[in-house]
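Paired with chain B in one complex and with chain C in the other, chain A is shared by the two complexes that follow.
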Partner chain A sequence: MSESEAKSGPTTLSSKAKQAATAATGAAANGEKKLTNKELKELKKQEKAAKRAAMKQANGMSIEQQQQQAQMKKEKKQSQREQQQKREQKLKNASKKKQNERSVKKSTLFGHLETTEERRATILALTSAVSSPKTSRITAAGLMIPVVASALSGSNVLTASSLTPMGSSTASAPAAAVPASATAPTIAPSTVLSAASTSTSTNTSTAIQQEISSSSASDVAKTLASISLEAGEFSVIPGISSVIPTVLEQSFDSSSLVSSVKELLLNKDLIHPSILLLTSHLAHYKIVGSIPRCIAMLEVFQIVIKDYQTPKGTTLSRNLTSYLSHQIDLLKKARPLSVTMGNAIRWLKQEISLIDPSTPDKAAKKDLCEKIGQFAKEKIELADQLIIDNASTQIENSTTIVTYGSSKVLAELLLHNAISLRKDIKVIVVDSRPLFEGRKMAETLRNAGVNVMYALITSLDTIFNMDVDYVFLGAHSILSNGFLYSRAGTAMLAMTAKRRNIPVLVCCESLKFSQRVQLDSVTFNELADPNDLVNIDYENPVERRGNKGALLKQFIKERRSEKKKLDLENKPKGNKTGSKNGSVEENKDTSNEGDSNDKNILDGWQELPSLNIVNVLYDLTPPEYIKKVITEFGALPPSSVPVILREYKGSA
Partner chain B sequence: MSSQAFSPVHPNAATSDVNITIDTFVAKLKRRQVQGSYAIALETLQLLMRFISAARWNHVNELIEQIRDLGNKLEKAHPTAFSCGNVVRRILAVLRDEIEEVSMSTTVTSTTVAEPLISSMFNLLQKPEQPHQNGKNSSSMRTKTDYRQVAIQGIKDLIDEIKNIDEGIQQIAIDLIHDHEILLTPTPDSKTVLKFLITARERSNRTFTVLVTEGFPNNTKNAHEFAKKLAQHNIETLVVPDSAVFALMSRVGKVIIGTKAVFVNGGTISSNSGVSSVCECAREFRTPVFAVAGLYKLSPLYPFDVEKFVEFGGSQRTLPRMDPRKRLDTVNQITDYVPPENIDIYITNVGGFNPSFIYRIAWDNYKQADVHLDKKKV
Partner chain C sequence: MSEFNITETYLRFLEEDTEMTMPIAAIEALVTLLRIKTPETAAEMINTIKSSTEELIKSIPNSVSLRAGCDIFMRFVLRNLHLYGDWENCKQHLIENGQLFVSRAKKSRNKIAEIGVDFISDDDIILVHGYSRAVFSLLNHAANKFIRFRCVVTESRPSKQGNQLYSLLEQKGIPVTLIVDSAVGAVIDKVDKVFVGAEGVAESGGIINLVGTYSVGVLAHNARKPFYVVTESHKFVRMFPLSSDDLPMAGPPLDFTRRTDDVEDALRGPTIDYTAQEYITALITDLGVLTPSAVSEELIKMWYD
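And then the complex of A and B:
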């Protein structure tokens, strides 16, 4: 609608709008309410009409005929206008649909995998629902303003805060919240001006007023308008604050995701806070690596089990498993579970089922916690020790070893050989964008005094032209068909080594062995945030620029465009000063956008429909590239992985 | 090597003016201010044109020597800017051909082919015919102006050829990709690749997906710009990190690489690190690799020592500034050598060739005598 008004001349603008709004009433009745110059124009029109009538009468037409003609004309115009409106509406809908399609970016190759955005949306939705309603905070994932809707907690407290750093009162973008459909009747835009004091949203408006104390009443009105605007636009999931950027919102288009979120929300009371913390750590890649993730999870499980109370009517051995399942469901939302985590969970569930129902809860819980500790020690610490002992026999004096990325076992192995065994080894750490895990590894080794060389995966050719003796690799998991599932880039390294007849050794705890089989890296993988690849300082590419603010930036941008839209819609109703303010603001916005655009070339890649960024985390190394796998059971060829899985199934 | 080597021979004003231009160009090359083999080739040709118009010589061999000296000087300034030496050699070949023709026309009985390499084995045991010098003296006054004209015409032709190289390549290359194919290019800085992809999309109306590797750390900017340009031309584009190449290779239909120089053995130097790994991956997956190269990128050199041809950059692009006591060694490879066994086909503006056939194309355009510009003629 606003577009059509903008197109038509400014003089007829308001009259057209009114005509559209009140189709039944005549034009003359409309004219009375007009501003003075508009009235004048209307009068002139009427005069002209009278003149025309006089002319026609002189030509020999009766007044009735004239009136009939005029009526017909009016009707014709009306129908034309309606048609146009319909057309515009259609266009608008189409564009909106298009936008929806576009913003849910899925690359052609990896459409079957869950994107980070989807995961993030879920996490954001969950945490905002679970965490306390009184605080709003900025997390790494974006701005989070918790909204507790009545559907969940019964209260209709609504918090909002101003976000934009700009000081001007109009610029304070209100953090609009989706009112729960049960309590807040959607506020129609027409009633907004008076809604500040009436309607059920008194509570909300006062809350907003407290928050944005500096802003005037009209801003509050705008805030409310934006609330209702959004309420109409988005599918409402109770408890989700709408400060999630629209890109994330649109991830909720898929019904399966919505249902899974709803399911999680239903059980949200069951979720232990330490699990929540772990989830957020995992989601933000604060804890990385399959072993550290597994250890962290086991530690949290110990806490969870300690705090666990068996509800009446069931036994611990029956109920704890399902209770843990709820926790695991949440953990899964952070990132797909690592193989180590999956194996540990399977073991734990088995342990729980083995508990004699007659044992008292306290003893059972204590027993379980001890067992978890023992498991971690046996499967990880002692296993690592055995692996290091075994692998150390491979490393002679003055060997050159190439490794990739960062691995806990490998770092320990290399340190052990260089420091404790005093072997004169040279380590080449190969690294890649965007994670740069190798930097950490290189730093650890260098700080301990090991002879380290650092190179990027693009210089593989040079590295293997040097005198390389061994390639040592860490693993995320080894699949049952012998494929090594590890950080993206590992396969390339192994392949290059194989082609040059350099032995490739993999150090891997048996906890990482998986029953799964997989043939290539595309079918199952984990997608990391594509924005990690967007941020780069081209002049100084080594400095990592986090994309922590990416979502916030996006959110602010979205807010701005929404505000612009809102301003445009308000223009015909509001006074002229308001529109002037708007135009000034627009100027400011465009200049700001200009600033941010020249930072990264790929900024705003979401807007280009045919541009995609793929940031896969893992790849699959075929077994023929691997000379041997060193586990705590000894060194074996990759083809023996299923043997180990079968033989030691009971213990793993 | 300095301009003094030239100035005593040609003390007049015109040559000193040229010498200044040469010196500035040498300085630009040394500072790596001219980027890209295309720009370098064109600028070298412009310089050569000025140089030849200002040059003075008594015999055409003197002119050849002067051009060789200039070429040597430019090569020394930027040893890995191969296109610079290539175009100089091309012009030398044009001159030598002309000399041959003139000598052939002046001597009635000359039927031998002067190039023993291309000639068949039947005349291997024949005594190579000495170039007849006697006829030269009579015709030298007549032909002196001719040679300048010939050289300058050769330069003009070469400039034309270089400027229109993409046309020829596109026509052949488009036939090599099919609809809905997934292509991967590890050389996003290649303008030839970019133009080829865009014309394939727009003129031939093929739909295909292009994977662009990032080429971190030296080429990421180019890669991002490249991806954006492709996407703006409505080509499905995926930016992938360098590490994900192996993971995605199983889905890739063809790998397209741009080249910086193509050697007689069929190997190539690409202007981006990581290309050799990509091509190796492609070989492992039996994915065809085709290289696009203008004829001027063909170099008569043989990469006996690859390390000599690969360029290395500063460490500031691979490692952040760190504690000086805890320094690390690092490598920053800027260019990459792709061996001929990892390339399936070369698409040049004169046709598609197997890497093993490249030497033949090279000797069509160069003369054996000019391979090493720094060696004085014996």
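And then the complex of A and C:
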């Protein structure tokens, strides 16, 4: 026994050193000492091992016996480590839950809606699980996704240092343990995931080289790391580096959410990589707008169907639907499905069910892909054309048109009228925080030479004094009761226009018609990140949608608080490391924060009691404010939406 | 009849039969066209109808209800074309059914009268603007049923259709009084309900009618009096004007050019206007009593199935 103790001594120590990096901050100082002496210890260890082996052989133990013994010890160690880890985690969870109760806020009014944080955590869990399929599993303790095997732990320090140029942290190798949880976790997930995504399981150094060389992998790693950061709290347990459990357990306060994620994880092997990519694009608002989202989805479905293989014992028409359902479950986690996507999915499933089981798979797949293409063309491209033709009759020469936000079909309509038909139109693009989609619209129109005025919705009253002839609106969806479900702010615009007797016209493909009936914008809506309303990044608001700035800020904030703790607990050393860490990047950000401190009064809103921030994406406009809805079926009053739905149940 | 002229035919139909409405005359004219021209193929037929329709619409200044008739016939043709494999059969069928349609449309006014009679009760004072055969047949029917009601008829300038209606009602023995259009506001409080006809019913459920209907509608709405539109369903037209100036009209709604000729009547301006659906209580049609929003439903059903 003493032998085993002696042998395992150095290894446990070294692994403890890394645990210390994330876990107990008090141990951080200790850890540093050990880490700096690491190489020395390694040498000593080897020496000792050799000695022991020699001793044992002298005692009459065969090599085989020795190996057996070693194996047993190894296993024991492993189980010990796991137990310890569980204990630590429990402790941490308990302490963090308390913190969480205070820090994670959810408006009671919108309590039934999924928050961005929850969504992000889900995606993180899934993405990491899918990119390292072999190691993830569900244990009694919760979701365990040990992304990198313990084999990696030996070279963890190296990883940290080699990753620093990637920009996620400024820590240098010897100091890796000292900046404690602030730096180490950021590094770890990215290492872990990149290693997993390059699908090398054991050799870290090569994995990292690969990762650095292949920018896409590091991109994934970065985004994932950022998501985990965004989710607020995180922890990485070296050895079995599992990023997810803590994040999951903190972000998901409802058990139903956890179970849905678990279910998704169970089916993760079925998920097509292109769906994963699309999910990430959607979640990061790289693809926005209900029509572009729908088109992207249909394109990905074409790929998925092409790659699909019917398992033995079933037919394509039966199995493909459920296979697609798994993909859709994942897509739902990025953002709630848009109505267009929902309608397209419903159509596709019907098409699949109509396939004759006797058709050979290849033919059926080809047929389906063609049909999808045709669907997109008919329902979107041609529909847009008809809408534009119809709406153009409404626009006379020298009219002033107000639009809100950005809409694909509206941009095309206005361009068509201004350029092809040479009408002298003036467009006022009304925009709003925090998405600033109107900028894109204004830019597109301006580039084509249209007379554009850009204004924020706050100046609405003034805008309507400018001799406006029409208000043209895009739509996310039109509900069965004629309500228009569109970007938040639309209702305000429509009501103001109605008050001044300015006709409000909505351009909308019938694909956007929804069977749903809704009377207020609370029962169903989408919550965006409340932090978007807090930080005003005047430089590049669109970029901020990627949450890079917010991430960095949060990261720095966390690190700063961590540093403060260190300073308090360990004054001489903490000071030293603190100054070490304060590299160029941090200095830059301090100045940035200094600036923004003047503006962002709400910065610490998570900690402020009795303050909630709600950032909803959509609102409802009652039909009495809408004069007409222009669809590919012609111009209709909003009350005719259910008629279209009823008459075209089969096709739409 | 060497050279067939669609406009002449149309006008002759209207002249010959005073009971005939514009859309029916248009359909009748188109049926006659088919009978005379005897197109050889389906495509030729469609083209003939299309070009004649355009010609007709261009030549008639007030083309709203005319357009409704042409639309319906065109739709009817398109829907029936593919039902018959045999072209001769198909043509014959079209002509026969076209006439059937005309006769049915004529009967629709009686049906409207039967449906709408429930809206008139004893002791009512009914305001009528403009002369519409549908409205008259309804009032006539009510009087035949011994419902005792009184009528206020507007003069309906500039066409002075009101005078015509006034004399007709007088003959019928219905107590009636004639007022100038500008007096509607003065009497609206004394009136129980308002009946008007329509030249066309737009997709939104709003109506296109003789100028002044809009003002009557607004006044009735303001006084919370029910405003009923009595019209045949073949006047439903696939148009969606947002306001009166969206209507197809001969000239601009407001003409400020200086008069050169010494015409006595300096009156200029639109002859039709558009009354939006929010002022309309219900439409009494041969399909039944419809809310304005149901018009769009009927139109959609008619056009896409």
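In this section, the second predicted complex is superposed on the first by the 376 of 652 C-alpha atoms of A that agree within 3 Å, B and C clash if a C-alpha of one lies under 4 Å from a C-alpha of the other, contacts with A are read in each partner's own complex, and residues count from 1 in each chain.
FYI, a residue touches a chain if its C-beta (ideal position, glycine included) is under 8 Å from a C-beta of that chain, and two chains touch if they have at least 3 such contacts.
All values reported here derive from a predicted model rather than from experimental measurement.
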| item | value |
| --- | --- |
| Touching partner for A:468 - first (chain B), second (chain C), both, neither | neither |
| Which superposed partner A:458 touches (first chain B, second chain C, both, neither) | first |
| Larger contact residue set on chain A - chain B or chain C | B |
| Chain B versus chain C as contact partner of A:635, first or second or both or neither | second |
| Which of chain B and chain C A:503 touches, first, second, both or neither | second |
| Touching partner for A:627 - first (chain B), second (chain C), both, neither | second |
| First, second, both or neither for A:643, with chain B first and chain C second | second |
| Chain A positions touched by chain B in one structure and by chain C in the second | none |
| Contact set on chain C toward chain A in their complex | 203-205, 238, 240, 242-243, 246, 277, 293, 296-297, 300-301, 303-305 |
| Chain C-touching residues of chain A, taken from the complex the two chains share | 394, 503, 627-628, 633-637, 639-640, 643-644, 647-648 |
| Complex contacts: residues of chain A adjacent to chain B | 107-109, 432-434, 439, 442-443, 446-447, 452-463, 465, 487-489, 491-492, 495-496, 499, 520-522, 525, 533, 536, 538, 540-543, 600-602, 605, 608-616, 618-620 |
| Parts of chain B lying in touch with chain A, wherever the complex brings them together | 182, 209, 214-217, 220-221, 224-225, 227-228, 230-232, 234-248, 250-251, 272-274, 276-277, 280-281, 284, 306-307, 310, 312, 316-320, 326, 328-333, 336-337 |
